[in-house]
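Both complexes below contain chain A, partnered by chain B and then by chain C.
For the complex of A and B:
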């Protein structure tokens, strides 16, 4: 009994006392920001991602345990552009953490400095669940990822000046790596430049732009609106006439619908995730994505 | 602060102002401008050289042969140099106008939050897609400017990076200014996308119910104020929602509800209007205003977020048709444990219909059969105190349990010294798989149990025959299964036990149970249709007979405006 209460007190004390380690506690809303944070921060940061790589980033449950993570965060990296609007605000209202308030150096909004595509000229939900600031799925463009990495490095450097040089060096290293990788990815995908892709949801406009694909065929009739039979019939017709070879489907989307479309058109279903896995690096993830798309187009 | 200091604050450079205005130098000359003025200086110098040369030509006219040839050669080379410099100047001018266009584009996008024309992503070559400038090219920039005309600290003026020649081996560009704005030097990137452009989020949420029931007195069968209370169409919850940051210290929220009664008269209810702190130290938060007490689970949820059309029996009968809410102050503390744990204490007036079990004079001045006394606040002991402790636990990445215990203490209006105490436990469990799309599929289980000890006094001037103590309790449990994207089915069981008083025939004090089933189709995130069936059984009491009631409701909800966020 005595031992147990001592252990309990010790555990409680450990939980209550601020941790001695000086590592930056980084919380990323999505796994792609977490991957960049690990890349830049190395062993000087602890990184947690709120959303899972297989999860729909628009519909993450605001689990109370996220409040605990946000409460002690030194840095919050979010996408902005309304991607997390359905779940992040109540978490932040409850987290009461001054360090990650909007405008503080600890709050990194990744879409800052990015010229978002598909900015709606008029705002109307008749067009589906549009984002007023533009399409928020920008991290699949490696050039944009470099800018976000730089942004993250700046934030880390501000908050942990002792390791600033290291963060900047990692950012530069990441930039060099992406520049080299881009040539590799280009060699794989540029032979298919100008080809059309189809996708379940409009999450790939930046990827298409980067590698010169046309992307205007979506299984969803409008963003966030589930596929209807009549719309799918149109899509099947379009895939056939335009000889579209690849349909990009994310882990949380209805693969069966995509398979149906694929089987009646001869197109390939490409399992394409926007997000790297918990231990996967950003470049490894894009490697996989590029290979999958290239395989489908061959 | 002097002008010089302000400038140095902006440019980060030491100002080099001289005492006399005519001798003022610009504190920082933009590199490009420097190049241009240098080029112009060169040009002037060359022109002077040419003049000297022609002068020399005039003087040494006597030796026409070789000298003239040499001079001609010199003139030719000067001409060549001039052309070359002119080309350089033109290139620099073009660069400058390009940058101005970029700056303008950025300013426009910053002002209107609309991005400049972008590549459509339909297979065109990557690269800057800025159209040639329409702005007049700046004529010769003055070599010495009175005042800086560019400021790197505020406006990115890096040359469009893609203008730099790509290495021969590069088949892919590694820079693309059409998607990434140049970072400001040393500062954070320019805001182009993201972030709200409004001070206030506004939304409107409308619930329309159609009700059919075997009971004529649907307002007795249904216990919540926003439930369908009469047969036919009901519009009991048209809600305007506002929220936003007040200032760096507070966030503000308001829910204004418009209700239509059976006579189609509108009544307005300030359901909630409160501000809460954003950055108190030690994990504390204080809120003040009119708000739902955080008692149990469903009490603080707005009806459009419920899983069923109507309020559970125990909620409507023990906390009241309007729920437990009121004007007051609440403090909460997140306990620094590795799991989520929060302690909350609210102090509220607890007066009127929204303090139902407390200082509530009741309908027509009667509550629990008694003529009520309108007890005024005598001291701090007459407030309602609402403590709550909630905790949450994750089971793996797909399951979450949120539990809480709550209580509410305060006086009631049935006697000079009558008090009420309500205690509750609640649990909410949700399963959602790792690859849920659009939020589906899921299973949610929600249960609440409440117990109320109500000291019913002898009423106004001891007019009632006797005082009694009611020990009322009840519980509900519901399971909702989101079985297919956009669809959810639910079942709910409800039980309410009210002490059977032999002294009052108050129909609200009838023990009863209810079974409900519903099916919801979320047409989108912003609209839904819900069909619900209720079977109610009201137990016979000392005064009232028992009866069965069947009801069917159809609900339509639509929401306009700001995208709402969902609490867990």
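For the complex of A and C:
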């Protein structure tokens, strides 16, 4: 009862004083978008991420608070490109929030305007869990992250014109920071340029492309399909002949399979997450990724 | 809260009555895992539809899934012999593992991304839509009417098999009709609520009813009341503590079962 009356008073106060605290309520589907939103929005926005950093972005377990958050959101940032297709649409259907409907200024689709890699020439289910519009795991490329940050800044500026200058300034600051960091990361990974990497799932093409690695070996025979014994035998053979030294595995993937392959080839398993932790900044996360990959390749 | 929880609560109020009734049959027949085996049969059908490149939401896919549950119904009614050395539960278990393994093999050939399939097979009660609830309720009303019309035959075949055989009831036929209608119910409810919930709704209220009462009517009433309480309380807890809804409901049922077994034991003491 007490809590309810407090909430009531707070709601009344909020209704009577609309300008007193008009923070934008931002919901990001995944932690990487949340990290960028915090970077751009600063203290002018409240950011929540639906998925946890350790969760598979293709499968996220819905909880009641997700619907509540989506109902009250001013902005929804999603990756698009079918990454969240398995779980976001039913949540949005239940949330029924006009502000974040497709096409509204409150709906930010990060993949818009990004040239995606691996767009299938022909669409066939036989190719596995392929995303028709291309590989959606683009946020591990810092140059693409800059574009997404700019996209987010524009959306925030449209919805909160009073703070537009601040958002643009934060975006510019982020861009400068990434530009400086790119030099640093490039130096750190330069000795290994042209080397091959292996990964469990095809979520690292953008990272490999940006930093000059080749990435063609995946423990999954096709995206989303568990490895079969003959495929693993092929992978082990390839890792041996091509002297691949690192296998990238994400927290929600089957590390045991990677360990098995690693132990029979001498490659290292790299625990690499696509997503920054709840309080981690985007650059700190890429710092960590670059360091982990460099350590495995040494 | 209501905006988010209205339809899940509506689903938990309007749908479980038929499951509680079928659950009493299932427990009496001692075929506890029939629902999971049937659900697995249905998903095997959906995997076949994927192999044939059918649209997952199409009526053809539903028809194939249903066809597979009918195959299951045929298997279970043919193997449920009057005097068999192999318990029915063994056949059910075997059907489950073979269907599950066959689904894995089919998917590895079809190579369909499994996001959509998983979503289709395992519903989330939190995200139920009004359309889902009405469709399922309509179907349950039909199956319910069928069972009500022939309630004596079904009761005979489930609760008093020996007498049914002696009086010349075509037990196999009624078994098949029972399993087939059961397949209908499982296939549609699993898509709304998932495997955990359907199992719970079938078994827990029935067990509580059997613990506390002897007549079918009393057991049904106890089961219905319990299914309402468990569903609604579970959903409210899931909202206030922000937990996955299906799992919260299942755990509430677990607690209810323990409490009611305690009451039953005290009454007998």
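We adopt the following convention: the second predicted complex is superposed on the first by the 278 of 298 C-alpha atoms of A that agree within 3 Å, B and C clash if a C-alpha of one lies under 4 Å from a C-alpha of the other, contacts with A are read in each partner's own complex, and residues count from 1 in each chain.
Note that in this section a residue touches a chain if its C-beta (ideal position, glycine included) is under 8 Å from a C-beta of that chain, and two chains touch if they have at least 3 such contacts.
Owing to the predicted nature of the structure, the values given are computational and were not obtained by experimental measurement.
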Chain A as common anchor, with chain B and chain C clashing or fitting: clash
Which superposed partner A:59 touches (first chain B, second chain C, both, neither): both
A:264 touches, of chain B and chain C: first, second, both or neither? neither
Dominant contact partner of chain A by residue count, chain C or chain B: B
Chain B versus chain C as contact partner of A:68, first or second or both or neither: both
Touched partner set for A:223, first chain B, second chain C, both or neither: second
Which superposed partner A:186 touches (first chain B, second chain C, both, neither): first
Colliding stretch - chain B into chain C, listed as 153-161, 207-215, 279-287 or 459-467: 207-215
Footprint overlap on chain A, where chain B in one structure and chain C in the other make contact: 58-59, 61-65, 67-68, 71, 85-87, 90, 93-94, 96, 125, 128-129, 224-226
Sites on chain C touched by chain A in the complex: 3-5, 7, 50, 53, 107-108, 110-116, 118-119, 124, 126-127, 129, 238-239, 242-245
Complex contacts: residues of chain A adjacent to chain B: 12, 15-16, 52, 54-56, 58-59, 61-65, 67-68, 71, 79-82, 85-90, 93-94, 96-98, 101-102, 109-117, 119, 121, 125, 128-129, 132-134, 138, 141, 143-144, 146-147, 150-151, 154-155, 178-179, 182-183, 185-187, 190, 193-195, 205-206, 208-210, 212-216, 224-226, 250-254
For the chain A and chain C complex, residues of the former touching the latter: 58-59, 61-65, 67-68, 71, 85-87, 90-91, 93-94, 96, 125-130, 222-226, 228
Chain A-touching residues of chain B, taken from the complex the two chains share: 109, 113-116, 118-119, 121-126, 169-176, 178-181, 183, 188-195, 197, 245, 248, 251, 276-280, 283-285, 334, 336-340, 390, 392-394, 397, 400, 402, 430, 432, 434-439, 485-486, 524-526, 563-568
